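So, here's a batch of structures to check.
Consider the two complexes below, in which chain A is the common component and chain B and chain C are the respective partners.
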Partner chain A sequence: MNLSLPWWRTPRRAADRTLSLHAQTAAAAEEPADDMAAAPTVRVHGLSLAYGRTPVLQNLDWRLQPGQVVGLLGRNGAGKTSLLECLLGLRDAQAGEVQLFGQSSMTLDDSARARIGYVPQQSDLFEDLTASQLLAYFRSFYPRWNTGKVDSLLSRWEVPTGTPIGRLSGGQQQRLSIIRALAHDPDLLVLDEPVASLDPLVRRDFLRELVGQVLDRGTTVVFSTHILSDLERVAFNVAFLQTGRIALQAPLDALLEEVVLATGSESALAAFAAASAPAQVLSRQAGRWLLRGADRSAAPAGVLVQPAGLEDLFEALT
Partner chain B sequence: MDTPIQFVVAPGSPEPIYRQLVEQLRRRVAAGQWVAGQELPSVRELALALAVNPMTVSKAYGLLEAEGLLQRRRGLSMVIAPGHRKPLATRERMDQLRPTLVRAAAEARQLGIPPEQVLQLLQRLLERPETGDPT
Partner chain C sequence: MNTTAHRAIVRLSWQAHTQPGAWRYALGFVVLLMAPATGVALAMGQGTGAALAANGLLVLAALAWLACDGLWTQNTPTLARLLPGQVRAMQELLVLLVFVLAALAALLLHAWLGLGWRGFWAAMLVLLMVVAVQREPWLWILAWLGFSGVWALGPVRGLIDGLAAAPVPLQLAAALGCALLLAASIGRGGRWHHASQARRLRGQAGWQAMKEGRPMPVAMMPEWQLRLKGLFVWPQQWWRRGLLSQPPASHPLARLELGMGIGGLWAIQLWVLALIALALGTAVAVLSVVRPSIDGSLVIHHARFGLSIGAFSMLAGSLHTQLSMLWSRRRDQALLVLMPGLPQGAELSAGLEQRWRRQYLLQWALLTLAVLGLAAFGEPRTLSFVAASAACVLPLVWWVQHAQRRLRDRVGLQAWMLVAPLSSLPAALAASYEVPAGLSLAAGAAVYALCAWRHKPPPVLLPFGR
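Up next, the complex of A and B:
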């Protein structure tokens, strides 16, 4: 059998990547089990990608540990989608390497693919099929399939199951795409702007589903979103993508507690930064500096020190 | 009658969510509203109810347990620790409010707002918590 698992519709730039399932499992069996357990779920090393002359990812390193829920933040065009596609082996990078569950993402075997759920930014479902037909089709590829969860989500999220997918609304297609990604109880969930066209109630229900997935299976989750409040609820860690690299990844709690927004004259701010060394200056805008680990009591007269919110961090670090 | 234990979280605040949970429980216990023996929702229940990361809830519960406000019972459920029955003295509750007011006072000074206007705003906020706008 030479059939690759279609956990997305069309493997973009995925030429000649279908390896025999048997050969792969045989190779994997030689690896000591301990190493597999200790390995990060996702390991990215030296990833570089350019479109023409425009660099998108530049020697990017990144790791996701099992069970981590990481929010990926970056401005429009920062390369979040490109990064997630590279992560999944859907896009060839010019340099670097991605490992998922200890395997190269370019040569993933079917058993590893079956552990991944992906919600692409652009819904890429078969438009002529109905939701029921689509799910039945995917179901045939996965060793594990949570019918109870699928049926319950289809009804809670009011996804019509008998209408061709092409005639569903954007929001309905997105909900279906999420259901498909959750259906096989994946160990790694990659979500690219999964909630963009969902109404607030479904969004909240989706977040609950994600939390349940993390509770029940210890799923590793990476998701990009512009809705910072969702990210703050569900992501324990945040990663900021800036100029082609992960500029910072840290627990959000710690960042909110360690980072302050200082406003004042440039000279007073410089004095404050010097006085609170080794505080790290995360960003400098005119009269507005973001510092990590600064000693608030060291603020000279004329410097206003306030706690920073996630929006301030987003502004400074993306 | 005991006040039911319910938490609210406000994303977008500079205060991390785990800290919001910790502070809410501290205040409710100080006010004598949540009392010894009352059972808290499990980490699972609260994480699902609030749609927040379970580690955030665990972290809050762990800190509160270390502080002696929560006690872990057999079967892993958490209850308000013994001894917390009555509201604390007003003075002690004022002490809990103090850091927030110290910060507000410092910011008001830095912003150069006259004290009487600050007090007026606080008065209005106590009466109309949503906006502080005059009625």
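Up next, the complex of A and C:
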């Protein structure tokens, strides 16, 4: 096993390269990468997965560039966990391909594995072990291990190190799971509902840590969550999973700026949409349309135009 | 080779196991078999050296079991896929472990029986079997058939002799084959590994649920198991429908049982017993046609242990389930407080205790009648055996409730596990002396009455525990 690869010996810093904190647009995502520097961390092509006769992922395409932070949104049962598991090669898809760092996720070599951090939705820690024993175990496999960060997080997040994990609360186990995932300074961090059982203070600290990780190391982060306020704090990009596909992925700030919620009569809304062409109608509900790129000044009388919130987007796009 | 990773795997193999208390079980195994092993060695007239070797083999077997179990605990699909170098390190360690253990066992077998290389290959085959049954627990069925003599062991012995006598290159090739087999048994996170892990988790969830007296979580059951369950639980569902059709304020304690998921267990028990009786009757009828020479009463006599111990274990199991529900889950603790119409405090505790005692006695009476009815078709000693078993089980309810009053929450499980050891010996003695069924039952009733008379502290106030 040769784990002594150059990238470990020369830790990357934000200053060493250009960070791309924003997701590619759908059009850009189709363009092939022309050199290794621009190669996506994650490339998903034509991914399909079904449980029995129930399709979960349908011909899904997705790309994540180095340094991107993407919040994955979707309703319960939309397939977020399945997608993240397929992404890491933890679940066999019926069709399609996932590449991580240019390798198939099903046949990753050890050097690629050492660059991945994963926090599953449900704790998979060894319950008989203490936190110290668990971290010592994982430390043995990774060529890079940030002891300072581990000690600091254990202390800040008040994780007992001498108590068997099975006796820790759900929140403490979750914190430990996150520490384990961050400890080897991964280049790709996949987090499945990481903050669900954390209290607000630890949640805030965790999000700060996440941002620090991205800024310091240019880590690519993808995480699923239902807590939209957290997403607004850290996710530079959002991806909406709907009917087994990524319905939309875009920079969050731009999305919030570009998308408006228009209310009024159906005919007036249709006229507004036509006048705003080529604005994209994201959703139509009776008297309530969500438009992207609409010209607010073109709103006819009787149409009220307001900025859309993330919740409106979630409702419309998932 | 990353020796740090190897050391970590070895260390964790001793720190974490699939079942809590695995060390205790292993120690119990060694202690339990130490005397028989020593006895066998001494009986063979080979002195204390042989006895030591036999005990050494026992220790090796326990160590092999613990070490392999510790390795499987770490071999999860997620870690196999994501933890760099873990799979390879585990493969190397498993091969090393098995070969070292086989070599040590061979040395001990040679010291005891002078088996030479045959000892090595015999130990290797046993270790391969240990690895296989730990990897896929359903393989126990094949192992059990082997031990019970259904499979002829002659070919296995032939294989061992053949390998031991083979030229060195052939033995080396066989050893290489074993190493490859062992390496292949470590999962790499593929589909087979996921399925195997799911079975393993189901087994653990089932064991945990059994210990806590809960039914197996439905989410952990595969489709076939859910369908099979439907065959057994329909009487309980029928009872539930009947209860729910009553006015909401009626039968508060029965409704509490419904909320705790333990109501109507008696209906399942009686139905299962009816199925057993039906199966036994059918077997006897078919045998009497196919093999008229076989005596039907003898068949029933041979089924005495399963009949009585099985039925009364079910009964103690329901007692365990009822009591555990009071202690193990917050949800049930909340039910005790929040359910409308439920008496509170001492009234609730006394009411539940009386209800469950009544239920137990009634179920015991029905089960006893049923098994005695079946045993009546057997031999006179069958009846003695079954009646003595029933008599031994009767005071259990007193014992469990007595412990419950002393705030000890885990006695239910002990009661269930005690049925077989508690009643086997007296039942076997009663059968050998053909003690009349009435006498055994009267003795059981007298013991129960004495216990109930001597024991009258007020029950602990519920809810108690979590």
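Keep this in mind: the second predicted complex is superposed on the first by the 282 of 318 C-alpha atoms of A that agree within 3 Å, B and C clash if a C-alpha of one lies under 4 Å from a C-alpha of the other, contacts with A are read in each partner's own complex, and residues count from 1 in each chain.
As a working rule, contacts are C-beta pairs under 8 Å (C-beta built on N, C-alpha and C of every residue); 3 or more make two chains touch, one makes a residue touch a chain.
Since the model is a prediction, treat every value here as computed from it, not as a measurement.
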Contacts of A:308 with chain B and chain C, given as first, second, both or neither: first
Which superposed partner A:186 touches (first chain B, second chain C, both, neither): neither
Touching partner for A:69 - first (chain B), second (chain C), both, neither: first
Partner chain(s) touched by A:79 [first = chain B, second = chain C, both, neither]: neither
Which superposed partner A:211 touches (first chain B, second chain C, both, neither): first
Partner chain(s) touched by A:88 [first = chain B, second = chain C, both, neither]: second
On chain A, the residue positions that both chain B and chain C contact, one per complex: none
Complex contacts: residues of chain C adjacent to chain A: 1-2, 4-5, 7-8, 11-12, 15-17, 20, 73-74, 76-78, 81-86, 88, 189-191, 194
Parts of chain A lying in touch with chain B, wherever the complex brings them together: 69, 204, 207-208, 211-212, 214-215, 228-230, 232-236, 252-253, 256-257, 304, 306-311
Partner chain C, residues of chain A touching it in the complex: 1, 3, 88-92, 108, 110-111, 113-114, 116, 118, 120, 124, 126-129, 133, 136-143
Residue ranges of chain B in contact with chain A within the complex: 9, 11-19, 44, 47-48, 50-56, 59, 107, 110-111
